[in-house]
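In this document, chain identifiers A, B and C correspond to the written order of the chains, with residue numbering beginning at 1 in each.
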Amino acid sequence: MADYTLGEIARIVGGEVIGDSGMKIHGIAGIREAVEGQITFLANSKYESYLSITRASAIIAAENGNFNGSVIRVSNPYLAFLKVVTLFSRSPMERYPRGIHPAAVISETASIGREVSIGAYCVIGDNVVVSDRVTMLPLVCVDEGANIGDDCLIYPHVEIRERCEIGPRVIIHSGAVIGSDGFGYAREGCLHQKIPQIGIVKLEEDVEIGANCTIDRATTGVTLIGKGSKIDNLVQIAHNVVIGENSVIAAQAGISGSTELGDNVVIAGQAGLVGHIRIGEGARVGAQGGVTKSVPPGVSVSGYPAREHSLSRKIYAASTRLPDLLKDFRDLQNRVKALEKGLGSGPTAEDD
Amino acid sequence: MADYTLGEIARIVGGEVIGDSGMKIHGIAGIREAVEGQITFLANSKYESYLSITRASAIIAAENGNFNGSVIRVSNPYLAFLKVVTLFSRSPMERYPRGIHPAAVISETASIGREVSIGAYCVIGDNVVVSDRVTMLPLVCVDEGANIGDDCLIYPHVEIRERCEIGPRVIIHSGAVIGSDGFGYAREGCLHQKIPQIGIVKLEEDVEIGANCTIDRATTGVTLIGKGSKIDNLVQIAHNVVIGENSVIAAQAGISGSTELGDNVVIAGQAGLVGHIRIGEGARVGAQGGVTKSVPPGVSVSGYPAREHSLSRKIYAASTRLPDLLKDFRDLQNRVKALEKGLGSGPTAEDD
Amino acid sequence: MADYTLGEIARIVGGEVIGDSGMKIHGIAGIREAVEGQITFLANSKYESYLSITRASAIIAAENGNFNGSVIRVSNPYLAFLKVVTLFSRSPMERYPRGIHPAAVISETASIGREVSIGAYCVIGDNVVVSDRVTMLPLVCVDEGANIGDDCLIYPHVEIRERCEIGPRVIIHSGAVIGSDGFGYAREGCLHQKIPQIGIVKLEEDVEIGANCTIDRATTGVTLIGKGSKIDNLVQIAHNVVIGENSVIAAQAGISGSTELGDNVVIAGQAGLVGHIRIGEGARVGAQGGVTKSVPPGVSVSGYPAREHSLSRKIYAASTRLPDLLKDFRDLQNRVKALEKGLGSGPTAEDD
C-alpha cells in the first residue's frame, strides 16, 4: 500500500487542492475514525460538526467549512471517496501473507497453485484444485474434487462441497455453504425418500456470496450463478437455479428450485420466488415480494402475490381506505333501500 | 458401488431395453454431464437437443428420439431416474473412509462406536456418545453429553450443543446449529435478564436438517423434531417447538416458541408461525404465510395473516380490483345523490 | 454450583414449604426430565398428569395436587422457576475449564487476559485483545485487531472479523458472523464494482447475538448494537445500522443499511426494514412487517407496507369481506341503474 500526495489524489478524483499539495497521505477513514496522515470526506451535512474535531490531515469535500487542514474540493465528495477508498484498499494478496499454515490438512492429491494463502485448520480434500493467488482464511473446508479459480478470497468457516466449481476472483464470505444437498424427496406414502443430489454448484468469475448463504447443488447438472452476480447475506439458492450475469440478490431472499434469473436482475431483501419460473433480464422484485409466476424482462414486481409494482402500489394505497369503504358502502345500501321504498320497491333479499 | 447391466437396470425400473442388454453401466448423470459408461435420462422435452450430443452410453426415456445408443424405455423416465440414481449412490460408509483423523480432539470420556469416520479438526466433548457407523466430516463440534445415533451423517461446521440427542440415520448439513439457547428473557424495567435454557434438542430417526439451520434448545424439556421430518436450509426452530413425524419445512421458514406441528405437516418457504399455536396433522402453510393462530388438521392456509387458502386466493384476486372499486364507488355515491335530489331529499352529511 | 435447602429456595422465591425444609436440592429441571435431588415446577395445568410420576424430590407449584414429595407453594410458579433456574445455572467461568487449548493458533502479538478459556482449533490473529475471563469455545476465528471485552462468551464456529469491538459480557452464539463486508457496489454500466468496507462492527456491553446471525461492518465508521440489546437467530444487520439500548430483534428479521433504531425497540420475527429510516424509541414492528418509512417513537406498526398496527388490523379484517363486497357492489350498481331507469335517466357509461 503506497502513499500518495494530496496532489496525486486530487488528480485521480478530478478535484482542486486548497492547501498543501505535497502532503503525504497514507490512508482513508470515516470523519470520526480518521487519524493524522489520513484523508477523510464530508458527503453528508449531518457530519459537518465533525469538521472542527476530526484528526484527519486532509478532507475531500465540496467546501472547506470549519476544517483547518488541507482540502480537496470536488463536486461529488462521495464518488471521490469511493475512488480513494479503492486506491488505498489492499488486495487480499497484500492483506494476507502467502503460504500454507502448518496446521492445515491438505490431501496429497490436491493441486495447490502458486502464491496461495491457506489458513490454519483448513481442510482440503482429494483432487481439489486451489489455483494461483487464492486466499483461503482459517477453518475453510473444501471437499473432494472441488475447483477454486485464480485470485479467489474465501473467508473463515466456508464450506465448499465436492466437485463444485468456483471461478476466478470469486469472494465467499464467512459461513456460506456452497453445494449442500438440494431439498429433494420422493414420497412413498407418508415417507420421504431422499433423492441423491449428484449435480454441482458453479460460481462464475467475479461472483460474491454473502455470509451464511446456502447454495444447493443440483439434483443432476448445475446450480449456476453467472459472472459478476452479487449475493448478500443469508440468501437461499435452491437446486438447479440458474442466475444470469451481473444480477444482485439482497439479504435473506430465497430462490426455489429450477427457477431461472436473466442478466441484470435485482431481487430485494427477503423476497421469495417459487420454483420453475423465469425472471426476465433486467426485471426487479421488491423487498418481501412473493413471486408466484414468471416475470417478463424489464418488469418490476412487488407485494404478495407479486404484481407489477405500479398496480401493487395502487392496491396498497386503496387498501388503506378499505375499512371506511365498508362503512360507506353500508350507508349507500341503506340510502338505495330508502330510494327503492320511496319508489314503491321493497327491500331486496340481499340486504338482509 | 457395483456395476449393473442395462438388462438389470431395466428390470429394476420396469422398462424395456432397446439395444444391448448386456452393456455394463457404472454410473448415472445428467444428460449434459454424463460420460461413457454412464446412463442418463430424458424427462423434459427441453433437453431433447442434447440426445444427439450426450456422451452417455445409454438413456432412460419414453422414446429413442435422436439417441444413437441403447435405451431403456419407460413411461415415466423421471421416476425411473430416481430409482437408478439411488441404485448408484454410495452410502456415507462407502464415500468416506472409516477411522478417526489424528487432528481431531476427542475427550477421554467420550464413547466412540465401531466403524465411525471422524474428520480433521472435529472437537468431541466429555461424555459424548458417537454411535456405530457415524460419519462426521471435518470441523464438527459436539459438546458435552450429546448423543449421536447409529449411521448419522454430519457435514462440516455443524455445532451440536451439550446434551442434545440425535437419532439414528439423521443427516445434518453444514453450518447447522443444534441446541443454541432459546431466546428467553425476563424483563426488569427496560433490562432483559437472560433466562438460562436448560432443556435440549432431540432429533428423532431419519430427520434431515438443512444447511445453516438453527434449532434452539428448550427452556426446560425438549425441542423435538419427529422421525422422518425434513427441514430445508436456513430454517429457524425456536425453543420448545414440537414437530411431528414426516413433516416438511421449506427454506427460511421460522417456527416460534412452543408451537406444535402434527404429523405430515408441510410448511412452505419463508412462512412464519407465531408461538404457542398448534398446526394439525396434514395441514399446509403456503409460502411466506404468516400464521397467527392454530390451524386444524388437514387445512391449507396462506397469506398474511394466514387464512384458509381458498379464501386467501379470493381476497388476493379481489384486491386487484380494489383501486377500480374505489373509483366506481364514488361514481355510484354521486348517482345516488342525484337520485336523492330528484326525489327531493338533500345530500347527506356522509358525502361531504 | 452450590446446593440449597428447600427452605433457602422458598425464602428466595417468597414461597411456603409444605414438607421437608431441610431437604438438600442440587438442581432444577422440567417435570419430565427432573431426577432425584432436583426441584421442578408446575406452571401449566397441561403437565399436571406428570405430578404423580416425576422423579423430582420437590416441586414449585400453586398447589400440592397429586405430588407426593415436598412442595414450595407460590402464587406464580413460573416466575419462581425463573429465579431458581438462574440460581442453579452455572456461569461460563464454572462451566468451561480455564486455559488455552494446545491446539489453538494464537498470534504472538495478541494480548490474552487472565482466566480465559480458549478452545481447540481457535485462531486468534495479530494484535487481537482477548480480555479477562473470556470464554471462547472451539473453532472460533478472531481476525487481526479485534477486541473482545471481559467476560464474553463466544460459542463454536463464530467469526469476528478484523478490528471489530466486542464489549464486556457479550454472548455470541454459534455460526454468527460479526463484521462481514457490507453489501456495497458502485455501478459502472452493468458491472458492480465492490466498494471496500473499511468500517467496523461494535457490540456494546451485555449484547447477545443469536446463532448464524450476520452483522456487516460499516462502509466507514461503525455498525453499532447498543448495550443490552438482544438479537435472535438468523438476523441480518446491514452496514452502518445503529441500534439503541435494550432493543430486541426476533429471528430472521433484517435491517437494511444505515437504518437507526432507538432504545427499547422491538422487531418481531421475519420483519424487514428498508435502509436509511429511523425507528423511534419504544416503537414496535410486528412479525413479517415490511417497514418502508420511519416510525415515530412509541408507535406499533405491522403488515406490508407497515402501517400503524390498529389500522393494519382494520385493513386485514376488512379485506376478509372484500370478495363479498365486490358482489354486493355489482348488485347495488344494478339497483341504482333500475332506480335511474324508473326516474327516466338512462344507464351511465361506467356500468357497461
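By definition in this document, a residue touches a chain if its C-beta (ideal position, glycine included) is under 8 Å from a C-beta of that chain, and two chains touch if they have at least 3 such contacts.
Note that the structure is a prediction, hence the values are computed from the model and not measured.
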| item | value |
| --- | --- |
| Graph class of chain-chain contacts, one of line, ring, star, complete, other | complete |
| Cα superposition angle of subunit A on its copy subunit B, in degrees to the nearest 5 | 120 |
| Cα-centroid distance, subunit A relative to subunit C, in whole angstrom | 24 |
| Residues of subunit C touching at least two other chains | 103, 121, 139, 157, 175, 212, 234, 252, 270, 288, 304, 319, 322, 325, 329, 332, 336, 339 |
| Subunit A residues touching subunit B - in the complex, by the definition given at the top | 103, 105, 121, 123, 139, 141, 143, 157, 159, 161, 175, 177, 180-181, 183, 185-186, 190-196, 198-199, 212, 214, 216, 218, 220-222, 234, 236, 238, 252, 254, 256, 270, 272, 274, 288, 290, 292, 304-305, 307, 311, 314-315, 317-319, 321-322, 325, 328-329, 331-332, 335-336, 338-339, 342 |
| Subunit C to subunit B touching residues, read off their complex | 28-30, 32-33, 79, 81-82, 85-86, 89, 101, 103, 119-121, 137-139, 155-157, 171, 173-175, 208, 210-212, 228, 230, 232-234, 245-246, 248, 250-252, 263-264, 269-270, 287-288, 303-304, 316, 319-320, 322-323, 325-326, 329, 332-333, 336, 339-340, 343, 345, 348, 350 |
